[in-house]
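Same chain, two partners: chain A is paired with chain B first, then with chain C.
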Partner chain A sequence: MRTGEKALCVSDTGRFFATSPNFLDRLCGENLTSEDWDLLADQGCAILDGDALGAVSHIYGVAERLTRAGALDYLILVPTLRCNLSCTYCQVSRAGLHQPGFDWSEETLGSVLQLLDSLATPRIKIEFQGGEPTLRPDLLRAVIDRCERFEDRQFVVCTNLHELSDEILELFDRADLYISTSLDGDAATHGRNRTGGDASTGQFLANLRFVIERYGPHKVSALPTIDAASPPDIDGLIDAYVEHGLESIFLRPINYQGFARKRYPGAREQSDAWRLYYERFVRRLIERNWQDRSRVLEESYFSICLRRIFQPGADRHVDLRNPNPMGVDYIVVDHDGTVFPTDEARMLSRSGVVDLSIGDVANGWAGEKRELLNRHATNQFDPACQRCAYQPYCGRDLVDDIARYGRIDFPKPETEFCRRHLHIFDFLFDLIYDEDPAVRYSLSRWLRLAGTPPALGEILG
Partner chain B sequence: MAYAIRIEIGESEAAAAPTIDWISTFYPEVIVGVEGSAVRLESEDHDESRLRLIWLTSLANERLLAWGATERAAVFAKLIQ
Partner chain C sequence: MIPLNLPAFAEAERPFVTRLRTQNHSPKPSDSLLVDADETGSSFAGKNGLFAVDGTSALQMEGDVVLVQPIGGGAARMERLLRAGSHHNTLLVTERCDQLCVMCSQPPKKTHVDRFDLFEEACLLAEPGTLIGISGGEPTLYKDRLCSMIERVLGAREDLEFHVLSNGQHFERDDIERLRNPVFRRVCWGIPLYGAEPALHDRIVAKDGAFARLEESFATLLLSGARIELRTVLLSINLSALPSLARHVTRRLRFIECWSIMQLENTGFARNRWSQLYVDHGTNFSPVAAALDCAALHGIPARLFNFPRCSVPEPYRAQAPASISDWKRKYMPPCSACREREQCCGFFEWHPDDEAIRAVTPL
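Moving on to the complex of A and B:
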């Protein structure tokens, strides 16, 4: 572990315990006692001879850790690339408000609707992205109407909330529609990064207040984009969310693409400064949760990683899973009908770095390119991942490796994906073994537990 | 201040060589070298007890990987079926 005299042992099923150097000595010297073996077997970390149930349980535990991508039931749709704002860090995923040729054509809409008709799943999740998707409420409406046949529907509109027309509000009124927006901190920070002038910032904040008052905070999520070089004051950022009744904050560092990455060469990697900020932010949330237990604040990605340790399969977060198959259970359909495996792949392609499109919505995307990507979609056989304690909890992101290094075979421990997750899991296990009741309280809430257990991790040997 | 430890390794310790390689990968702040029949670990960031823990953890990792390779492959073969 990162500090202290304990080592962390994790099995392929993700079961774990902390132990002492003496135990490791016995393990390496092949001198484990019968008591050691019994403890290991009790924890599901060893299978004793003749223990058929233990063997099956182990296989089941390993299987639980593996993603089994089902049929396509999650679409990220970009009905328009046009946007009514020009945020400082949005370089490739927008077109001017009045630029022609950046909205779905009639043919593309027809192909998207045909695709929806062809899906055999009982559930559908659709995320509308852009550009600013609310510029084309007619396209949103056409898609949503076509989904009525699905038993379980969820729509997310990713919007800058700059304009709220009656037509858009009518869509927002649906119980199965959620609103996702960006909130970078206080008004000054948000205005500097996104909205520009005071009037525009005021309009956004008024609209944010309006939708939260109208629908409640459960329907609205927001996330801040953080410049690690000059991050906002932590309490100021948290306050900006609390003020609107928002309890989940998904800290997102600026992810420069294409030309912007050339302009900011240091941006290929998240810095130590970012990791320090992230850790201070989470620790501050823990303090504030302990001080005021009327609500639970969380950093969304940290909670997702925590739940991957204790509750495999609890979240369907497509950015952290293993294997991470592409173009199977979710796809991105761009403004011209091109299909991408992920949104980052879309931006990477649009910035001219590498074409990661895998097809188009009219003609399909199950081609050679997708197969090639998917042959490398697991961390299971990577020599570094095989030696990493966090492999059962971690994932694989081919597109991120291509975006940063131009290749997928870059040594894993040197990739930003690996460094980021090593840091998060190191930090998580520090907290799991922290005896401070305030820490246990927050972790238990982030795990959605009813109570707070006396300990979250075992210490053996 | 730099800390260092020296660990004797037996000739039959097949896991020692990969352990040395992987310590360099996972702990770039630790300098690892071989001195005759011993391994030397040196670092400005980790004291002697931490260096010993790093060695033991990494050695255990290599041994478990070797011992469990057949079992691991069998589990995946069953799951793929």
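Moving on to the complex of A and C:
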């Protein structure tokens, strides 16, 4: 482990324990005593002779770690690529507000509706991306109306909240609709990155306040995009969220996509400075949660990774799962009807780096290209991942590798994806074995536990 | 308390299953129609002749699927097998058992009366979408009869489901193929485990080797893709072992669908051993809390059955549903002021009133 003398042992099922260097020596030297074996078996990390249940339970545990992608029930839709803002780091290279040819045509809308009719699942999740999707409330409404037949519906509108027309508010009033927006920090930071002016920043903040007052904070999520080269003051950023009643902050460094590739070339690799900032940010959340128990602040991605350590099957976050099948349970439909396996694949294609489209919404996407991607959409047989303690918790992101390095066979430890997750999991295990009650308190909340257990990880030997 | 067994008179000489109808909608051959009723009882007529029932008004039994069992000289007993609109219908398929649990609520008998054919008939008449409970004794002592009934009923009725209470002592490797039949996706096996220590479990069920045999069965059921509800009754002798059981479950029994931790029912053997066995979780909730936290940490859904909500600390209260069957549930007078009464299990009808009243603090 990163700190102290202990070593972390993780089995294929993701069960783990910390241990002394002595135990580790016996384990590696194949000198285990019979007491050691009993302890390992008790951890579910060894199967003793004749233990039929232990054997099948282990196999089940390995299987539990694998994503079971179901039928298509999650669509990311881009009804328009036009936008009324021009953020410095725009990841999709948005089109101008009045540029023609960047909205769904009648035919594309028809094909999307037909696709909805053809889905066999009882539930549907639709995320409207852009561009700025609220520029086309008519298209949003047409899609939402067509989903009435699903038992369970969830709509997310990813919007800059710049303009709030009555027509949009009528859609927002739906109980099954959620609003996702960007909030980069205090007004000055937000203005510098996104709106480019005090007046429009003021308008955005007024709109954000308005929707939160109207619907409550549960319906609104926001995430800050951080320029790692000059990150905002931590407490200032947290305060900007707390002020609006928002408790989850998804700290997102500038994505190496779209306009950002040219304007923020440093975003290709995250630096140690970023990782240090990230740790300071999480530690500050822990302190603040301990001081004020009336709410639980969290960094969303940190919580996702934490839950993946303890709770196999937490696979709904499609950016971190293994295998990570492409074009199966979710797809992206672009402004021209092109189908992409992920939103990042759309951005990459738009930047002209590589065409990762897998088809179009009228004619389908189950072709050779999707198969090719899916043959490599797992971390299980990668020589580096196989030797990594965090493999059961980690994921695979082909598109990210292609975006940064133009290939998928780059040695994993040299990829940004790997470095980022190694760091997060190292940091997480430091905290899991941290005896500070404030740390355990926050971790238990992020794990959604009712109480705070005396320890989250066991120590052997 | 809702009466399930009623004295009756019947023309028939053999037992039969029928559905009670108070109004002539569009009668099916399996229906018996109300012909007369007064304050003391009602009489019905169907293809098995006339029968009269005492004790409950006909309207309350509208739509019930009942078994009329002649006991000689015209006298009979009527069992309300599947009460219309109730979510708590259980068929007692045998009274024999090969365990003798210290707190058994339904103490076993030596003899077995095979009524599977009648039960099958009743199940086929069940209201759409019913979950039918099967209990005993130990139903899997008649594993082949039981499975055949399940296969035929679920094969004929795609809308039905079964929940079978079993001690898990009789599943064998040879059953795997049979249990992989997709109809068994609609069967959940409720199986008890009282501790992670073999000796503790064996002592509670009064059978040597029961724990080891159960582990074999769990392996078989996992390989069969069976759905399992794990059940643990809380006792003075296993309360402190609950956290270690939770750890055991999260390591070896991850494939269960849910884990039910159940407070003791004051009936059967538990009645005379109440002071030895019953443990008031209200005064020592920490082992229960530790077990719930451990299960939640590792993603195992756990629930508290028969735990009145006011006796459960607030953070864990959502895990205590209204679990006690409607026909044997009661509340104390102060409960009428409680805002969570609707979500609360209340008490078993036979729970000592003096203890219950002391336990209640309306929310």
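In this section, the second predicted complex is superposed on the first by the 449 of 461 C-alpha atoms of A that agree within 3 Å, B and C clash if a C-alpha of one lies under 4 Å from a C-alpha of the other, contacts with A are read in each partner's own complex, and residues count from 1 in each chain.
Throughout what follows, a residue touches a chain if its C-beta (ideal position, glycine included) is under 8 Å from a C-beta of that chain, and two chains touch if they have at least 3 such contacts.
All values reported here derive from a predicted model rather than from experimental measurement.
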Checklist entry - Can A:413 be said to touch chain B (first), chain C (second), both, or neither? => result first
Item to check | Contacts of A:96 with chain B and chain C, given as first, second, both or neither | outcome: neither
Checklist entry - Looking at the overlay, does A:387 come into contact with chain B only (first), chain C only (second), both, or neither? => result first
Checklist entry - Looking at chain A, does chain B or chain C touch a larger number of its residues? => result C
Checklist entry - Touching A:453, do we find chain B (first), chain C (second), both, or neither? => result second
Item to check | Touching partner for A:53 - first (chain B), second (chain C), both, neither | outcome: second
Item to check | First, second, both or neither for A:70, with chain B first and chain C second | outcome: neither
Next on the checklist: Under the contact rule defined above, give the chain A residues that sit at the interface with chain B and also at the interface with chain C.
Outcome noted: none
Checklist entry - Which residues, counting only chain B, touch chain A once they are in their complex? => result 22, 25-26, 49, 52-53, 56-57, 59-65, 72, 75-76, 78-79
Next on the checklist: Using the touch definition from the top, list the residues of chain C that touch chain A in their complex.
Outcome noted: 215-216, 218-219, 222-223, 251-255, 289-290, 292-294, 296-299, 315-316, 319
Next on the checklist: Can you tell me which positions in chain A touch chain C when the two form their complex?
Outcome noted: 15, 42-44, 52-57, 60-61, 64, 310-314, 444, 447-453, 456
Next on the checklist: Applying the document's contact rule, which stretches of chain A touch chain B when the two form their complex?
Outcome noted: 5, 7, 12, 21, 24-25, 27-28, 58-59, 62-63, 66, 380, 384, 386-387, 411, 413
